[in-house]
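Labels run A, B, C and D following the written order; every chain starts at residue 1.
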Amino acid sequence: MRARIFVRLKRGILDPQGVAVKRALEGLGYGEVRDLRVGKVLELELEPADPGQVRSRLEDMCRRLLANPVTEDFTVEIVDEGGRPRLP
Amino acid sequence: MTEAEPKVTLDLARAHGLTAEEYDRIIRILGREPTFTELGLFSALWSEHCAYKHSKVFLRRLPTRAPHVLQGPGENAGIVDLGGGLALVLKMESHNHPSFIEPFQGAATGVGGILRDIFTMGARPIATLDSLRFGDPADPKTRYLIGGVVSGISWYNNCFGVPNVGGEVVFAPEYQGNPLVNVMCVGLVRQDRIFRARAEGVGNPVFYVGAKTGRDGIHGATMASAVFEEGAEERRPTVQVGDPFTEKLLLEACLEAMATGGVVGIQDMGAAGLACCSAEMPARAGTGMEVDLTRVPRRETGMTPYEIMLSESQERMLLVVARGREEEVRKIFAKWELEAVEIGRVTDDGALRVTMEGRLVAEVPVRALTEDAPVYDKPTARPGWLDALEAFDPLCLPEPSDYERSLLEILAAPSVASKQWVYRQYDHQVGINTLVLPGSDAAVLRIKGTAKAIALTTDGNGRYVFLDPYQGGALAVAEAARNLACSGARPLAVTDCLNFGSPERPEILWQFAEAIRGIADACRLLEIPVVSGNVSFYNETQGQAILPTPVIGMAGLLEDAGWRTTQWFKNEGDRIALIGPEAVSLGGSEYLGVIHGRLAGRLATLDLRLERDVQSACRGAIEAGLVSSAHDVAEGGVAVALAEACVSGPGEIGAEVALPSAGRADLTLFGEGASRIVVSIPAKAQRHFEGLMQEWGAPWRFIGTVGGDRFTLKVGGSVVVSLSLDQIAHAWRTGFERYVS
Amino acid sequence: MRFGVVIFPGTWSDCDFHYVIGEVLRQPVKYVWHRDTDLSELDCVILPGGFSYGDYLRAGAIAGRSPVVEALPEFVARGGFVLGSCNGFQILCEAKLLPGALLRNECLQYRCQSTFLLVENAETPFTRGLRPGQVLKMPISHGEGKYYADPESLRALTARNQIVFRYCTEAGEVTKAANPNGSLENVAGIVNEGGTVLGLMPHPERAAEAALGSTDGLLLLHSLIGVLVEDGSFLKR
Amino acid sequence: MRARIFVRLKRGILDPQGVAVKRALEGLGYGEVRDLRVGKVLELELEPADPGQVRSRLEDMCRRLLANPVTEDFTVEIVDEGGRPRLP
């Protein structure tokens, strides 16, 4: 069973990395980028289990360790073998 | 004045941390109710953090003048003369509350703030030091905090490119809910290039430079002045995020702009951001300021005037530029890819006038925000609990059955053990000035282009101050100066960071007042001016205050960098001498804490004249070229100082020492007292050394010899400790790491 | 030999290199702004340590696409030397002037400490004053210094003797314990095929004066400018 | 127009951060995690344009700056307003 977890800075929190990368892209001629934010993605391979339960365990992991509640939001996706998200 | 803003009431003022009396005072000053934005300005500038309302009357007792002081307290940082047209800028700041809420960003932005305080004076930062306090090392929360704080400091320091050359890490349960993160920075400036945070020259344009403004840290200043409660975690969204890269660009751009002569005054937007700058800069110059918030670069949409004024977004500065030089300044910031926007001008009417989209949102006399801020002389009271603590006699506790084990336990105590795990994460060499790296009593940095060097240290012992605030305060100064003496330096100046609980409690305020009295007396006798500092009150959780912790940052001068001395033994056959008095106490000692789990007793009496003579004697011997190593005897007593001298250097070397008995062996080995230094000298220098000690009138005695691969201690003729260097080194090297990795 | 020390936004070892070249070695040296592309006045370009562009995205990534770096291939083609230390090494790899990449330290922490380097190739212009097997003492200071190259590239590097320095013990043993960042095969520094572009994670400029603990870093610069070092064991260029 | 770009270490390259996070999760009782890798996700807001063209511009950006071909793989996703990937 596979899942991915996105951890990103909360809206409104400065993302200096995003700003620097956006500016670098502009310098390379990619002016079409209006906004860019950099986050983390964790790709997990899990023991097979009931998807609903897996989702709630993953959310627990995020709250307890993977995301910093002060500065970050997270989303959890259970994905199929091709890497496409399954609907909840 | 604006429809959208909430109506200001007493309740709203209270929610902003203002008292009813303070709110009345505002109405009296303005002759009307404040607008919402004005309320924000008052609440920020009248907060404890900005106004020092509870501490001001006590801080006046500190000696701040000396012929070499070029700038005392009152500016962003203090400045002392180094000779040859150079000056040293120094300042220390706390970032305790933010670091508890978000350790990584809290500590990182703490570094960012203190760096700006230094380069806003026109100086290039040349070193930082960090003084840290945490709770129970075995608690997972502590590990999380240390990990976050150290990596935050590491990230900001290293990315910015300033060496971190020293500091402290101390553990005590009293810091569990309220860790301390104090950072000191020193910078170097040419005396003809010193800048001040003054808005001089009516009509001069005011420039906003650096990062854009977001909703970061709004209310940070008031938050830092509020006692922590359960549920404090909910205040989290106010945490600021640092960008050391932008700060580095800001440093280069500011110094370049200052060098053109086009900059009149400059201040960093730190606590209370634009509000603080736009009030303090004209207040210092006796002018006024007009600011149009419409022009302030923003990161977010829909920001209100209140939010823009109070935002604590990092990496921003306010500049007053000489009229006619705008283009020059703008070009320099553009070169460094930074925003520089004219947002206002200096006026002559003493008012701060803030507009947004053509509307006037605040109009306040700048003096009202600064000089007219309330000052309190609140009652102090000696806490009753001290009687029982003082009455406790440590010698009623059983003597350890195994001194070797006790010594190893103390060496492995995380407050005593090696902090290499911390400082190897900090760049401590960038700038290629660091002659003595972290790991000795004080760091030493050369001043390029001269024969001179400076020595830097931070010191403070909350246990001592808790048991005896007056002596504890004085001891912190004495120890810092002693650390400098051991490295061969003469103290130049102090910057302090005074971390205490709530000043609204008479016992806490008494601790504060007494500690300051101690600091002041020590500084006066040792002739070291206090040139800058910071007060951090309200360090408590649920009514539980931290140990009162004044941290003393001190800078010293070595006229000849060649005098620099390190703490570790170097040569087989060197004689070991102990300079200083015999009198020690187990009261408040590390031994009592580690082995017996107690914090009680009386401290050994500090004799400041003796302290001065011991330091002079040590420095005299160093300057005469007689000393191979010098190490301050501090936490853990002489046994720990000697063991550290054996294993803290690049190579390990043993020692054989015989101490006269001072009563029980635990008192002799682990007793703590001021004014003591362990030095090693080549045998052939012995005569000369004896003569010098005589001259300085410092008590001293030879106690042993360097050499071999064991550490042996005799007390009153019998061997109480005989350990291999491996055993000692292992205990001391792994004691801290075992908790953090 | 005329040196140019490049400044990117966020560079911080620029002044240190400038000082060592100008004040310690007394060689002509100037700063080069990252937007400059005219390197015709220079014989050696130094890419110093620091956090160019904050090291955001990947260390050296953004600087690796800057105008001055884009001008380097031509500079090298006409015989110029390039020395990249720390962030400079990362930039050279990002710009593909050197093979491989520098990953986050395996310990996941920044490391500032003294290291020992085993000289593997004493034939390059930067090392001809050294002996193969010689051990140098030089500090490191980085968070992303773990050298990585795919097995094939690594084989090629080894075959062509492009690995110049490996982390080792004081006695010259290449051990796991002597590897501060998890670098593949303890690689600390490599050169391009021509031997004229050197990248290394350690800081030679911090090991250029006895007062700072080592002068071994000077040996690289001495080799380059052709001053006799050691006991005259190599010939002046 | 929105897009996201995933940048991950190539298979075969050790991901010490992933290892450390996995171990920490185990310590917290999440033994069901068999494998975990940490990557980057860049979330971009772009000028509206033809999706096919956008995709090829994004792939260019990856090749030129955003991913290091020696150590990293990337994938590009054009997403709808809800953040769900649109099919190519």
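Criterion: a residue touches a chain if its C-beta (ideal position, glycine included) is under 8 Å from a C-beta of that chain, and two chains touch if they have at least 3 such contacts.
Here the structure is a predicted model, which is why all the values come from computation and not from measurement.
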Between the pairs B-C and A-B, the one where more C-beta pairs touch: B-C
Longest centre-to-centre distance from subunit B, chain (CA-based): D
Whole-Å gap between the CA centroids of subunit A and subunit D: 9
Whole-Å gap between the CA centroids of subunit B and subunit C: 36
Separation of subunit B from subunit D, taking each centre as the mean of its C-alpha atoms, in whole Å: 42
Contacts with 2+ other chains: residues of subunit B: 243, 245-246, 337
Shared-contact residues (touching 2 or more other chains) in subunit C: 53-54, 56-57, 62, 65
Multi-partner residues of subunit D (at least 2 other chains): 64-66
Chains touching one another, given as label pairs in label order: A-B, A-C, A-D, B-C, C-D
Residue ranges of subunit A touching subunit D (in the complex, touch as defined): 6, 8, 18, 21, 24-25, 28, 30, 32-47, 49, 54, 57, 61, 64-66, 75, 83-85
Subunit B residues within the subunit C interface of the complex: 151, 154-155, 158-161, 243-246, 248-249, 336-337, 423-432, 434-435, 446, 448, 561
Interface residues, subunit A side, partner subunit B - complex: 9-10, 12-14, 16, 19-20, 23, 68-71
Touch list for subunit C against partner subunit B, complex: 9-10, 12-13, 15-16, 19-20, 49-51, 53-56, 109-113, 139, 141, 143, 203, 205-206, 208-209, 211-212
Interface residues, subunit B side, partner subunit A - complex: 101-102, 105, 211, 214-216, 233, 236-237, 239, 241-243, 245-246, 299-300, 313-314, 337
